[in-house]
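In the two complexes below, subunit A is the common chain; its partner is subunit B in one and subunit C in the other.
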Partner chain A sequence: MLQFIAKRLVAGVVALFVVACLTFVLLYSTSGDVARNIMGDQASAASVAAKAHELGLDQPLMSRLSSWLWQATHLQFGTSWFTSQPVFTAIANRLPLTLTMVCVAILLIGVVATFLGVTAAVKRGAADRAVQIMAVLAASLPGYIVGIVLVLVFAIQLRWFPAISRIGPRSGAAVWVASLTLPVVALMLNGIAGAAQQIRSAFIKQLEQDYVRTLRSRGIPEREILFRHVLRAAAPAGLTVLSLQFISLLGGVVIIESIFALPGLGSLAVSATTQGDLPLVMGVVIYTVAIVVVVNLLVDVANGWLNPKVRVS
Partner chain B sequence: MSAVVDDVSAQAEPGGLGGAVKRPGVAGRLFRNPMGTASVLLLAVIVLSAVLAGVLAPHDPARATDNVLTGPTALNLLGTDSNGRDILSRLLFGARGTLMSAAIAAVVAILIGLPAGLLAGYYGKWFDGLSSWATNILMALPGMIVLLAVRAAVGPNIYLTMVIFGVLMSPGFFRLVRTATQSVRNELYVDAARVAGLSDLSIMGRHILGVVRAPVIIQAAMVSGIAISFQSSLEFLGLGDPSAATWGVMVNDGFRNIYRQPLALLWPTLAISLTIGSFVLLANALRDALEDHVNVKEKTSASRRPATVAAVPATVAAEPVDAHLCEVRDLRIEYPQPGGERKTVVDGASWYVDRDEVLGIVGESGSGKSQTAFAVLGLLPDNALVTSGQILFEGKRTIDTASRRIDQSALTGLRGRRISYIPQEPMSNLDPSFTIGSQLVRPMTRILGISKSEAVTKALDLLSAVGIPNPKRTFSAYPHQVSGGMAQRVLIAGAISCDPDLIIADEPTTALDVTVQAEVLDVIRDLQTELHQGIILVTHNFGVVADICDRVAVMQNGRIVEQGDVRTILRHPAHEYTQMLLQSMLVGKPPLTRLMSDSATGGMK
Partner chain C sequence: MSAAAVAGLSACSGDAPAGGSSASKEVVLGILQEPKSWNPAIAHVGHLLQPYQFVYDSLLLRKSDGTLAPMLATSWKYTDDAQTVLELTLRTDVTFSDGAAFDATAAKANLDHFKVANGPQAAMLQNFESATAVDAKTLRIKLKIADPAFEYYLSQAAGLMGSPAAITGKDIDLMPVGSGPYIMVKDQSVKGSQYVFTPRKGYWNPSLQKFTMVTLKLLADLTARVNAVTTGQVDATLLDATTAQQANAAGLKELSWPVDWQGLLLFDRDGKVAPPLKDVRVRQAINYALNRDALLKNVAMGAGTVTSQVFGPESGSFLPELESRYAYDPAKAKQLLSDAGYASGFDLTLPLPPGIETLLNYVKQQLGDVGIRVNLVAVPIADYQSTLGKGTYAAAWFSLFQGPTWVACNQLIVPSTLYNPFKSTTPELKALLDATQAAGAQVGEKGKAVNTYVTENAWFAPFYRVNQIYFYDSKKLKVTPQVQMAVPTPYDYEPAS
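Up next is the complex of A and B:
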């Protein structure tokens, strides 16, 4: 088991390294005249050149990459070109809000999708069709449309929730709940049906296994077979579904934060992208991928623990 | 985009999945599905409006006017945006960018995923490892974040962004093609093609592409929808080209003016949702057309009413006092087929078994023998129909004629307690997540009501009774840690653990090595002599019948063609099918030869 975890850990670090290198090359080899953009049109050629030198833009790409990687091992990701704030600080300020939303959303998706998926698999019929139709609808509506509709109905028409986040540095729990309810629901809606559909297939696949028939022949009650045996056997597939959902939530949160004007990682990513603040964009990519790597590692470990073939050996 | 739609119609003609299945054309079944027709029509309309935008649009989509954010008017049928530009014209022109984005993403994803999947699946080795590794990394990337980085690097170039998005979407195609290729590579017809001297390239082109074509088209429709969603999201975030007339930019503009003119938001939102929805529905309809949805529907509707008894025979007489342990009368089991027909798998079978006797049900695979056994257990698949007949356990009916169903409540009391089951395939019949011990103990605490420690003691006794050398170790082992022969002994131990009166053994030795087969049969026979249960032994092997059975029923095509005492039938098989089965068993089967010579000497006397 320890060997298994170590293997996955190494694979995750390697993946992170590869993504960092590719992103760095993508960002910095194509970026145009950044120094000119920062200094403005009025600046002299000399001051632009000085700025370019200050940012290290006159260095060869590979030496910049290696120095970035070296600093990254010390958790230093450079400073923002526009605010001069360290990237680490900028992201650390924004991360808690985003992570809260994504984690709450994935937990709720896990619970609701498992319930829907298992119901559809066991009852079939109407419940099954409802999940299928919901999945088609959810796949047809991009996240921002879901967000807009929620704002229109629940914030503008019904006035149940604020349309725009009121979260400030000293907000209490009530403000957080009020401001985050709609965004989290918007995040969830796109994921639930798809996840439920996949959990349904995983559950049906297990229901058709031979051992389920044998358990029934032994006189074990159906409820116990479903929840003790089948659910457990379908759990690894379900966790994998949820880990993929988690990855797409990290993307979806970008849009939702923009709609609800939430000061999270996503809106930071959008503003950094608009400005061309490459160190900050780079930092956001690395942080997001690192989160994914950690989540995938946790899922791998959980699945390994659920599988006696991995756990016992 | 239009390439995708063209592919669909081209795909539809030559008979679906690579000629492996011969059914009415996929196109026919696609259009019979209203969802399929609707999605194709909608996509056709969208493609046409993109192509003919220059002709259809009433206004220049970029011309700003002073009529800002008007509702629908005679001049501007759908109103104007915040710059006074005509919304209808912008929608028509916007379709171009949207469809191009979808086409670029889908084509790039296919161009990467398809060849890589073919190579990885066909040749395997290092390329498979490398590409699977790359695929895993790509799948761990949140698409939106990557697109933001791309946007930061290359500016508001939506087409280049969609090329990158195509790369991100390629794992879907890669996995699909790789799996399909792996399964086809070892098919006989591919071997035959290889022997016939076809090059790898032409085998891939001719045989494997045919198989993956349909799933690739389905995936392409899905990816097109996702690409439109992402592309319009970027534009909605204000990261698109603000001067271009695209749907995402229009949504952005509408959202910013939501209080002044909600309709300006409605139109582009509707256009995007309808387009993505068409792609999703098209993908679903295509999948249904390929899977032949009729069959699936029949299954789900039947599943709500498991094993319905359609006709009640009025002829069931009052049960005699000295009833058989288990008796099957005129049992008929049918399965619904696509097209409303029913396939009969058991056709009027009647037999009985008493305590202290072994009844063999013998026949080829597909003769209905296992179905009969499952009917007794009440464990037929959900879509099975018991259309006539009765099953009696100690004279009590287990098919409830009043409610016209298999009486699951009666069987719940019997299963595990009075009737037990030894399955065919030992490994797949143990839950891999639980130890062997817990799978033995749980039914005993449940059925016998004994304490856990008593059950553990009894389980260990049972394990040694079925000839397991180290019961303690097997008890705490997981199924994957024991051999097939051991697992089968464990299942036999489980079957006798609650002292049943009737054991149904479905090909209990077929999946085992020849040497282990004999041992397992010995275990069953010894236990039966000791415990005096009735056993129904389902097998295709007359050697096993001769070895262990008292009476035998021979099944062919769902009917019992002959039954009676084993010796009588072995000596004087009346039915030609029995004779044929026996002849095929005669060669080199010691127990049978002995019986036959017995009969020869017996006949002389």
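Up next is the complex of A and C:
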């Protein structure tokens, strides 16, 4: 198992390095005149040139890349060009909120989608059709539309929840729950639809296997067959779809954070990208890729634990 | 030009309790942008000036009607005929939030710092030569050349005063140290989210400390802003014509005032990239081809005023007769094109920034109706401003602030501005600009000739002045818009009762 984890870790580090290099080259070679954006329209050409020099924008691309990589290996990602805040601090301030939102959403997606998927697979008939129709409907609703509707109904009309985040530095759990309920629901709906379908298919496939018939012929209770054997065998497919959902949620959270004015990693990525705040964009990319690598590793480990054949392969 | 000492803001004892008797309310304002740094030399204009004014006083105060009043300077006047030596008398009862005293030496340190800090408004001090602390309360500023906008600049970013010991340090990026009415509460302020301010003890003018707490909530997204203000999570914020109905339905008070003008900047007056634009008749034809009323109604939802001039009503150089100088007349446009030798039209490429597709497609259609074939080329928003300055395009759309006369001249007309990428000028225009620059108090009157020149020569093709649409909860607040400013200054807000 350790060798299995080590292999995955090495692959993750390589992926991180490749993504970092590609992102850096793409960003810095197509970034336009960031110095002018920072200085504004009233600045003279000399002021803009001085700013470009200060930021190292007049250095060759490879020189900047090697310098950035060297600093990155020491976990130094520089300072935001637009907010003067260290990149590490900016991300550290915003990551907990985004991770909380995404993790809560993925947990709820896992629970609800498993319940719906298993119910549809076992009951079939009307229950199956109802789950399938519901899944198609939910999958056709973009998260941002759901978010806007939720705000209109539950924040503006009913006033049950705040329309925008109330989360501040000293906010308690009640404020977090109130501020994150609608965004998490908006994030979840789409994910539940996809995950329930996948889990249903995986469960049906397992139910058709010979070992299920054998277990039934030996008189083992149906509940034990379903939850001890079939669910375990179908779990890798479910875990894989949830890991994909997790990555998808990290992208989907961008718009949801804007709608609810949540100071998370998504809104940071939007503002940094729009402005051309390259150090911050690089920081966000690296942290996001690192999270994706870790999540994939955890899923691989879980799959390996559930199904030893995966480790061998 | 000299500025008389105006009956000023009340000077009160430095021992007054924080907030004074009038400070008994909290207010939450939704803002669109946050400061890059709290260094006062990095302050900008409009949205990026307001946050600084909570923590930094300026040498002069700009009132909501645009007139200048005393603040840290109690009086000021030019002492020479050439209008190049400005002497300011400063308050003697002012301290910074780090305890340091404000005096002429501190003011000089700030101006010197602003000059070299390479902030976005460094050009405000382009004509500043030196400052001398004559004594503790007298500051003498020497200009290289007369600058009719200099006093205005001292009420803006260039006039913000920070503690001399702090402004050159590194901590100033994240924590302001000024002499202003409020101090920032660091442990409640989070970059990218909110900034919290409370009244500063010992402030020299408690009448400006109208609130017990001010929170600036960063809401870049329009949907988030309208949701926040209609549910009472913020008390005031900037919206637009598309969201005004929702805010009005919620019973909020609407303020509407013009700040920016939108239109085409016809850069290539010498025909370097697009030869047809060299002919003034072609530039005038573009103006006549525009159905401004239709653009205003269909794109800006009627929230503005159509115009043919780039100088605003409060600029000092506004001319009512130029408002409809180029009333929609496609037949005349075609005739002018024909007279200029372009009866079959010509091709014109315009850069297209994101979000302006509808407007520029209307423009494309209207110009196409008279034979001008417009090609729109998408340009990313992060590159748009710098693209305009490179002289790649003969003309471009933009939305630009309508400032006082000399500010507008510097922004739009002089050869050195970003928005004159081909350095266009003529001896006649140069003479008019020189006369305006040297006009002192008559700058607005002299500027009218500049306005007439650039309008008659169709340097621009303005569409309309677009309204700022600001909403606030009138049960909690009174807000007065500040002319020519995107958002009110902190001094323009007060509790409703």
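We take it that the second predicted complex is superposed on the first by the 308 of 313 C-alpha atoms of A that agree within 3 Å, B and C clash if a C-alpha of one lies under 4 Å from a C-alpha of the other, contacts with A are read in each partner's own complex, and residues count from 1 in each chain.
By our rule, contacts are C-beta pairs under 8 Å (C-beta built on N, C-alpha and C of every residue); 3 or more make two chains touch, one makes a residue touch a chain.
Please read these numbers as outputs of a predicted model, since none were measured by experiment.
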Joint occupancy of subunit A by subunit B and subunit C, clash or fit: clash
A:V112 touches, of subunit B and subunit C: first, second, both or neither? neither
Which superposed partner A:R232 touches (first subunit B, second subunit C, both, neither): first
Which superposed partner A:T288 touches (first subunit B, second subunit C, both, neither): first
Partner chain in contact with A:Q42 - subunit B first, subunit C second, else both or neither: second
Which superposed partner A:V185 touches (first subunit B, second subunit C, both, neither): neither
First, second, both or neither for A:S258, with subunit B first and subunit C second: both
Touching partner for A:R159 - first (subunit B), second (subunit C), both, neither: second
Partner chain in contact with A:T274 - subunit B first, subunit C second, else both or neither: both
First, second, both or neither for A:V136, with subunit B first and subunit C second: first
Partner, of subunit C and subunit B, that touches more residues belonging to subunit A: B
24-32, 42-50, 60-68 or 312-320: stretch of subunit B that collides with subunit C: 60-68
Residues on subunit A lying within both footprints (that of subunit B and that of subunit C): 31-32, 148, 156, 258-259, 274, 276
Touch list for subunit C against partner subunit A, complex: 34, 36-37, 44, 118-124, 126, 173-174, 187-188, 190-194, 217-221, 223-224, 227-228, 230-231, 233-234, 380-383, 385-387, 389, 410-411, 416, 418-419
Contacting residues of subunit B [partner subunit A, same complex]: 136-137, 139-146, 148-155, 222, 225, 228-230, 232-233, 236-239, 251, 255, 258-259, 262, 265, 269, 272-273, 276-277, 280-281, 284, 300-301, 303-304, 377, 379, 412, 415-417, 419-421, 423, 425, 428-434, 442-443, 446-447, 478, 480-481, 491, 494, 498
Touching residues on subunit A, where the partner in the complex is subunit B: 15, 18-19, 23, 26-27, 30-32, 124-125, 128, 136-137, 139-145, 148, 152, 156, 209-211, 213-221, 229, 232-233, 244, 247-248, 250-252, 254-255, 258-259, 269-270, 272-274, 276-278, 281-282, 284-285, 288-289, 292-293, 296, 306-309, 312
Footprint of subunit C on subunit A - complex, ascending: 31-34, 36-44, 47, 50-51, 54, 82-85, 90, 93-94, 148, 151, 155-156, 159, 162-170, 258-261, 263, 267-268, 271, 274-276
